[in-house]
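Data block below; observations after.
Should a chain be cited, it is by its letter among A, B, C and D, assigned in written order, with residues numbered from 1 in that chain.
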């Protein structure tokens, strides 16, 4: 494999920046959607950016030790690496060096970083939050992994650019959502949980465990977690689009797709209360898993 | 009480003072200005809702008045918050929590006294257990008078605060660092000589160059005397055992 | 010295003798380290000779059977891990730990040397008889290692022993059966004889040998002995046992399933009624071995037990990978043996260090040690990322290979099962590092310090191996290929950073580099982006306005994952535990009955009854 | 020197002892050991002679074999004689009220045992067997304790009844064939293939089985071994039980090979293994554990015997040899830990050498390679898989399950020994008694030289003259001529 250093360097810098910008808009969209549903006006356009800048500009910054700071670096680094490995129109050099499995496991690195940092804060609310977040991960990853297995079976590859190419060759009929609707549905539900949105929102739980992982986060620490939220929305939507919606032919359709994908859970989240932890696990292991298994068998039968 | 000394590390005061405007670089000034603007556009509020006034907050936040329009959001822990909103009277007991919460917030931070109780004790003026003037204990940026104030008043108060932050005039939090000894004196007067919080205001003042003439004084000296009891960090175990036994 | 198998065995047994004589000497640890290093050197030098097998000059004649030894590629691969694990364990015990951390450094060094010697003998076996002799030696050497610390370890080791003897005897029965039926015991002769035998006989042999080897590997449903036995061993002993000891079972299973029976024959072996073939059966057993012990680990409250349960679970990936049968799968399974040994050793060593300093491994009684033992923390962090199978550590690579092989072979359900195991692992390793190193430091641990170099040295060295072989998996795959070709599989096509396949690539060089670069960018944003931070005291913490003091235990460790366990708690069935108890109770009853029989007063009646019955039986 | 002296000398000495004792009281102390020592030397010389010139047949009193009494000076007989003398000498009892009386008993035992080992005649076998039995009854009660007396009474009743049954079996054989000479009987196995012959075998198995600790004729074992002096227990478990097996070995190898009656022996053996090991698992004190373990081991030997064939006999011999060396050593080492197993906690730390050797010897009983017990078990399984057509799996399963139980109880003891407990009190008995050390050394030699001993055992088995060879020969051959000096078959 020949390394085109120049191109790679551009990807390395441009992709995270793009992801951050798109993510900021997604956050804004989510907040506006919420405001609209609650018959409010909602925040101004630049609000997500102002929040982050304000947090970074705080005069005092509380640190609970080196691990607290390193973990934020790991979190940001993992997120940036994740964006780089996503296949988006025009940028897929790095996507060829890994595959869907690599990406799924890379997605856990920032989570792990955050978990370590939160634990280093020595606040039990944070630890409980992390315990719940990991529990939620155990819950939503089961249906999600089944859908990934189904996609790998259907396309015969785990390479993300390949998957996009296969879908785009066949047009709309080739889309994963058309070929395997059950799996697409299961993945959509797990995505809701992956983003930590109601009814699967168990680990922030402000009224219960004081925002869990964010309890002791202040200033730029909290700001970095806001950045992480932008990246997370972007990553999950791009992954879903890649597996089920034919990826992006060009940036216009690509952006439409990913915003639609994010809009669905962001809308749903406002009309649900929260489940209890064990209820989340039970529900996710029951319905989406069953749907995904049926979908997997359908795929395997073909 | 034990008489051992556990000195709080304080750097020489000169290097702990805030540099004047003329000492700051151009870039610094631009960044500070951007920061100020963002701080005024994004305010996370921590509601300290012990009093009856809290009932007026939901209308302010929800669809009727929607404070999110001006970038305000409720937040849960003091670490995340910019504004500490004290709604109503404070008893001596709750004041301790308020002070701890205030000290755990990250600067720049703002305090809003909400209702007459925080200004002069209000209808509880005669009570032996309530605090009359919040401003004696922590620096307050804005008072909203009334018993109780309407959402419109709250909104006005916030807008006023936003304007002052944007203009760089909401600097009451610096006063707490610069005249910490005075605030601590009031606190000690109320809670006793051995009053301590697990936070380290003097250290922060030194670290962030926020110290002033009134940072250290007779009252902070008392802190040194009692610090060891709560903060066993760095205390040799046998000493700690002694402390445990003596308490 | 010319490197040969004889030299290797001489070094191993010489080390044993030396430790027996001089194990109490403070320099014993250093001495044995040197000897393990020499053994490793001999092994490396033997590498070119492996193609035709490195035979030993040692030979015995007993009852007409000749016993002789020869090292092939598979044995060599396991041997190098064995010697490596022994080297790092000995290093850990060479300094302060040997003086203060254990009741008897002599016992540790002797049993370690005995284990290594026995394992090398086992790995160098060329026929079933030498294999069995090595097998039993390994079992008993392991027992000796486990009992050295006494107390609860004795009980755990006793359980191990019962399982081990039962497994050993199953192997013995199979060996004798093969000897009688096939007329020879050489691996080649047995492999040549196997294709001709009847299905019933094949099942019988597979059952006997599978049970025997499976017990050592703590394969489901024989998984209950291992965790306690390894967990209760002292730090470096647990590291050695955990890293390699039960992999001897894998070695046996590989010889049985791949070398003797062959994966193709396994496919033809259909289970009656269900219609599943034997290979799928083995694979699902492997998958269950991954999942069930992993979730048992999640419940543990003792760090060492938690790790030991994971050791059982990780064994499943290895067999699962090899049974896939594709080059990628086999390489993944074997690579996992190596990777697992590296990080499991680190984890047990770190817990050994923690126990050395704090005296406990109970997850409810630790916390916040990161400020006191930062190097141990770093080592454990690297190792748990490896154990959880996340990039950039080596555990990710081998697991990725197994997953990919399963998907490529069209086995998505097994893939899902394997991933579920990984998810469970992530949960429990986080609990481990959180409860031990993160969170609030307890008052009684204020004064502890980092362990001395003799202890953190091996931990850090091994955790660097965990990282480097994750960054450049090609390095470890060089070793794996020796075993893979020796097992009769084609060599995998790989490069330093990973693999290029038709259905998806993995280039760890790129992944890790991007991750590191990303962290660089992240560090730039974070460190330059805001005001410098100030370290605050751990009691300066949000508690809803409550004043924290050292008397307040502000650390969430007990009943971790409460929500999850509320749901899955009742799912932990204790079938095997009850079965164990049942067998023990039955034995007790029968024993009491037999004892009673021999205490009967009317002895002649028994005699007359026996005579009459005997006459009736034969006439 | 003639091997018959082996029988005559101790018996004569036994008769003379009461008289000699009158002369000087101290004679009672040194007389017995000295005679046995002399006997040992003679036995060793005779054994060496057999090594050089091969087995010989001796007709006592000059009469030819069918009429006269034939003694067989072969590998098996003389090896047994050497080991018997050696064992008696080493395990000479100490705790006796009357040393001279015990000397008499032991001298009788030695003489009769040597006779038993060499007899080639069923009647002589019986006579010597009875003599040995009577001697052991006395020996069991020799320490004069009440429990020992009761135990020996139990033994006596069982033994006497067994002897009667054995005699009945011998009478049946005589009635069917008209001869009792083993060599001659070997040629007449067809006459014994009927119900009478089989019945005779069963009766003899029962009769001789009392001594050989076969199930269920062995309920004297735990009582006797638990209450006699450890040296006596060691002697009885180690060598005297083997004499009973020796009789059966000769009978089966030469006369009853392939008889259906062996199935009885097989199941008696299996039941012995299973019940013996289980009872040992349930036993609460050390002596009983060892006694029950002895029952289990003898059961294994019986199974091996019943299976027959070269492999089976070699398995039986190596198992016997292993048990012969291991069990006395175990009894002697365990002397330091009398009473309940619960009292063992931590005692091993006070006597590490004894405890480690205890474990090592136990390992051999369990059958751990490369110790000799392993080879015995291996050959036994080999014999089972080779000779048993149906039910081999069940047989192997039962034996191996019993082995697991064996490991379980031995290592429960080991765990207690090395476990934590109060510091052991100082006891008179050293951790490793000198005699036990000798047994251990012999055992280690056996472990190291298993290959060579195995070759010798093969020779011993070949020397037993399998009957199919006999049937091919028309007239009575000279035993010495049938085998050449190197032990190869003709």
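FYI, contacts are C-beta pairs under 8 Å (C-beta built on N, C-alpha and C of every residue); 3 or more make two chains touch, one makes a residue touch a chain.
This one's a predicted model, so the numbers in the text were calculated from it and none came from an experiment.
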**Closest chain to the centre of mass proxy, which here is the mean CA position** = C
**Asked** Among the chains, which one keeps its Cα centre farthest from the Cα centre of chain B?
**Response** D
**Request:** Starting from the mean Cα coordinates of chain B and chain C, work out the distance between those two points in Å.
**Result:** 55
**Message:** Averaging over Cα atoms per chain, report the distance between chain C and chain D in Å.
**Reply:** 45
**Complete:** In whole angstrom, the CA-centroid distance of chain B from chain D equals 94
**Complete:** Rounded to the nearest Å, the gap separating the Cα centres of chain A and chain C is 35
**Fill in**
Two or more other chains are touched by the chain C residues 531, 534, 536, 538, 540-542
**Fill in**
Touching at least 2 other chains, the residues of chain D are none
**Item:** Contacts with two or more other chains, residues of chain A listed in rising order
**Value:** 57-62, 210, 215-216, 219
**Message:** Which residues of chain C touch chain D once you look at their complex with the stated criterion?
**Reply:** 60-63, 132-133, 136-137, 140, 143, 147, 150-151, 154-155, 157-158, 161-162, 165-166, 169-170, 172-173, 176-177, 179-181, 204, 587-588, 590-595, 597-600, 603-604, 606-607, 609-611, 614-615, 617-619
**Contacting residues of chain C [partner chain B, same complex]** = 443-444, 446-447, 531, 534, 536-542, 545-550
**Request:** Give every residue of chain C touching chain A within the complex, in rising order.
**Result:** 368, 370-371, 374, 377, 381, 385, 388-391, 396, 400, 403-404, 407, 410, 412-413, 415-416, 419-420, 423-424, 426-427, 430-431, 433-434, 438-441, 500, 502-507, 510-511, 514-523, 525-527, 529-536, 538, 540-544, 554-556, 560-564, 566-568
**chain A residues touching chain B - in the complex, by the definition given at the top** = 31, 35, 38-44, 46-47, 50-51, 53-54, 57-62, 206, 210-211, 214-219, 222
**Sites on chain D touched by chain C in the complex** = 154, 157-158, 161-162, 165, 195, 198-199, 202-203, 205-206, 210, 215-222, 260-261, 263-264, 267-268, 274-276, 278-283, 292, 295, 314, 363, 366-370, 374-375, 377-379, 381-382, 385-386, 393, 396, 400, 403-405, 407-408, 411-412, 415, 418-420, 450-451, 454
